[in-house]
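Some structures to go through are shown next.
There are two complexes below, and they share chain A, which is joined by chain B in the first and by chain C in the second.
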Partner chain A sequence: MRVEYINPFVESAYNVLKEVLNCQVSRGELYLKSTSTPVLGVAALVGLAGDVEGRILFDMSKDTAIKVASVMNGEELKELDDLAKATITELANMITAQAVTKLHDLGFKFDLTPPAIFTGDNMEVTTAEVEALIVPMVIPYGKVEINVAIRERL
Partner chain B sequence: MDFPAINDRRPEGLKEDGTPYRVLIVDDSMFVTKQIGQILTSEGFEIAGIASDGQEAIDKYKELYPNVDLVTMDITMPKMDGVTALEKIMEFDKNAKVVMISALGKQDLVKKSLLLGAKNYIVKPLDRKKVLERIVMSLKK
Partner chain C sequence: MSNTIEKTVLMDQEKLPVKQIKQDFKMVTFSLGGKDYGIDIMKVKEIAKFSQFTYVPNTPPFVRGVYNLRGEIISIIDLRIFFHLPVEKRKDGVENGLILRLEDYIIGVIVDSIDKVVGIDSEDIQPPHPIFGDINVKYISGVVEYNGTLYLILDVEKLFGKEQTVQKPHPLEALELSLAEKPSIGVTPKESVTVGHTEKDFIRETLKTFKSFHVTPVNEKWLDERFEQWRAERGKQGRDLQIKSVDEADEFLRTFYSSYTDAVWPDEFAESFLELIQELSGRVFSVWNPGCGKGYETYSVTALFLNKFPDAVLKVWAMDNDLLSISTAPNLLLQLENLPTYLLPYTVKGKQGIGITSQLKDRIFFEYHDILHVNVVPECDLILARDLVSFLSPADQAKVLEEFYDKLKPNGILILGNNEEPIEMAKWVRISNKNFSAYRKNIE
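For the complex of A and B:
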């Protein structure tokens, strides 16, 4: 997978997290996975189809998701309820929209699916034939992993 | 003691006669609806109604009319999108004040909305200042 696909997502995740959470965001080490990747507990998945195809996963622990949703709502949420899920969905929407605008400007044309939220323990995701690039973004509430598996349409 | 005039400022959400502006919020995300609702009520606006897709928006607008001063309209929604709903609302009430709420990267749809009669637009992520500024500007247009 070409690294130019992931950079817009990393930049946009950095900008959006910083803006909506109003906190320090730092970037962890990028790593590549060609096998199954464990899912941390709450994952928002956005699919891409067009000149490039694949998916982006915004992955975090349940605890991080609840804290992030609490900050974004300006009130303490106790559990991952419908409002918390809607909030994480919106976060995924905002990050994706900003990244996709950059990719469109670079000349890649593709459509997106609305985000789907997966929650549960001991989950893993496998993207056969496309390796995933993962960049952890570290925030005071834990980490959000930006997990991108995209390839050019064959 | 006289307080400075700045303390006499009328909240942005109140009309000259002291009654609140009434806003219909249209968005399929519970999070965004709540966020816009909180920003507006904190400035004295009244939330006249909430709709989560374009068709519901039209139905609610007709039901509330003429007791509705402004609509915030999400662009991407299930069943009927915000641009189509805007068009139908403008057909029903050519003086309707609609402000589009857009994700980044939807410039074409925003342009189309402005041509169809939307008064303004706000790009997400939403912040308090931006939301109030654009809405107050649209009410004065």
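For the complex of A and C:
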């Protein structure tokens, strides 16, 4: 993972979470993971293609996802319904968009795919040939892991 | 799912009391230099207070004297002096001790204080770990936890038994003793060799534990030399051979590290690098620099390459798994007053220090990366990995060296740390010079 890519994601995740949830956000230690990564329960995936290619995964437990969606909507949600899913999608969009803007300013050019949401138990994700950077963000509702696996086209 | 979990919890609870009832090993516990130890109660004849022993001249310092135990004369060993632990002087002159019944004779030992007798399950005893520090691991038969305290169980037969006579108890002393007696014939010199071996093994273990430095054919030559040197150094200072802390491990490794891994290369050092890359040719060059740290080495190499091949297309992949170091690399500021001449064209003076121009920076990809994960780099002309391989586990060392071989172009060059060499030398041609340990890929 190029050093230049790391900060935009860390910063934008911090800023966006803090802004939309209006709560204390703290960042855990960053670390690297190779190939397959277990998914906590709800994962929003955004793909990248261009000078830089790969994907970004926003991963959290179902419980955290419902709570986050409740706060963002300003109403108590009971389950992970369409509204909750749409809200998590939007969160992923906001964080990615802000990070990507920063990367564009640094001169990297690429396109994004719309986020897709995956839910279920015992899932894992594998990205061949790219190691993933894990940015754990801790919020009062649980943990959101941002899993970034991108690299420049060789 | 939840049912099974409850069930296992229940089973554990049922098991617990049963476990505590089983006590097939009893030991007398005592303290030495603030740590807790135990001795098998079967070896302990009695607990005693020694007050007046008779000093015997010409004995090692740990022999405090002989003692009259109801008519039987026994020798008294001070375990604290024996293990080089601090000795508290007692005002009344009364020492706590144990009288041990060994296979052949009875012996008294002095300890700081006697604690109690505890019964444990012998299955709970775990093998000793090499870094228990104060006491050489071979005198410890195991470790056990009882009521939250860890007890090291001393093997008294090994300590005082027939094999290891009292004359030669501590490995270091034994070593010095046997070294002094070298010209004499018989068993002694042979023993000194084996003792040296265990000491070396011990150092291997501690280097692994404290610094994750793994001794393998990659760095064995250096270790052998360093061990002799270390023995001389420590002997002169009257210190123990063993490594007991991270600081001491650092001290041991001091001569291992290569020069200028974390600094800009000075001109004369750069000269000998240029000698190495003399034979490289072509128009497209790729360089891989795993373990680049803050990037000083990377910038030096990149500048040297650019000077030598001004028209070439050059790309450098520099990686480190230390996030803090690698994060500072892309915007590294130099504080050097006299920059080496080869680097001057690529520097620009800023407010905070001397920066690197984009002409140089644009050639380098700094990546936060773990070399044990998939390495996505093209075929390389040069791989610069100084003092990196030795800090991987033996299996990973072999794997990474194999990968270096695969990733090099024919005639590509691998530079390892000054005290490192590849495991399979047949695959490489040594082209080292005075400042670099370098190898060319052997394609035959």
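We adopt the following convention: the second predicted complex is superposed on the first by the 154 of 154 C-alpha atoms of A that agree within 3 Å, B and C clash if a C-alpha of one lies under 4 Å from a C-alpha of the other, contacts with A are read in each partner's own complex, and residues count from 1 in each chain.
Keep this in mind: contacts are C-beta pairs under 8 Å (C-beta built on N, C-alpha and C of every residue); 3 or more make two chains touch, one makes a residue touch a chain.
Owing to the predicted nature of the structure, the values given are computational and were not obtained by experimental measurement.
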Fit or clash between chain C and chain B when superposed on chain A: fit
Partner chain in contact with A:87 - chain B first, chain C second, else both or neither: first
Which of chain B and chain C A:104 touches, first, second, both or neither: first
From chain A, separation angle of chain B and chain C (C-alpha centres, steps of 10 degrees): 160
First, second, both or neither for A:2, with chain B first and chain C second: second
First, second, both or neither for A:34, with chain B first and chain C second: second
Contacts of A:153 with chain B and chain C, given as first, second, both or neither: neither
Chain B versus chain C - smallest C-alpha distance in the overlay, whole Å: 25
Overlap of chain C and chain B interfaces on chain A (superposed complexes): none
Complex contact set, residues of chain A against chain B: 16, 19-20, 72-74, 82-83, 86-87, 89-90, 93-94, 97-98, 100-101, 104
Partner chain C, residues of chain A touching it in the complex: 1-4, 6-7, 30, 32, 34-35, 128-131, 133, 151-152, 154
Of all residues in chain B, those that touch chain A in their complex: 29-32, 34-35, 38, 103-106, 124-125, 127
Partner chain A, residues of chain C touching it in the complex: 321, 323, 326-327, 329-330, 365-370, 372-374, 376, 378
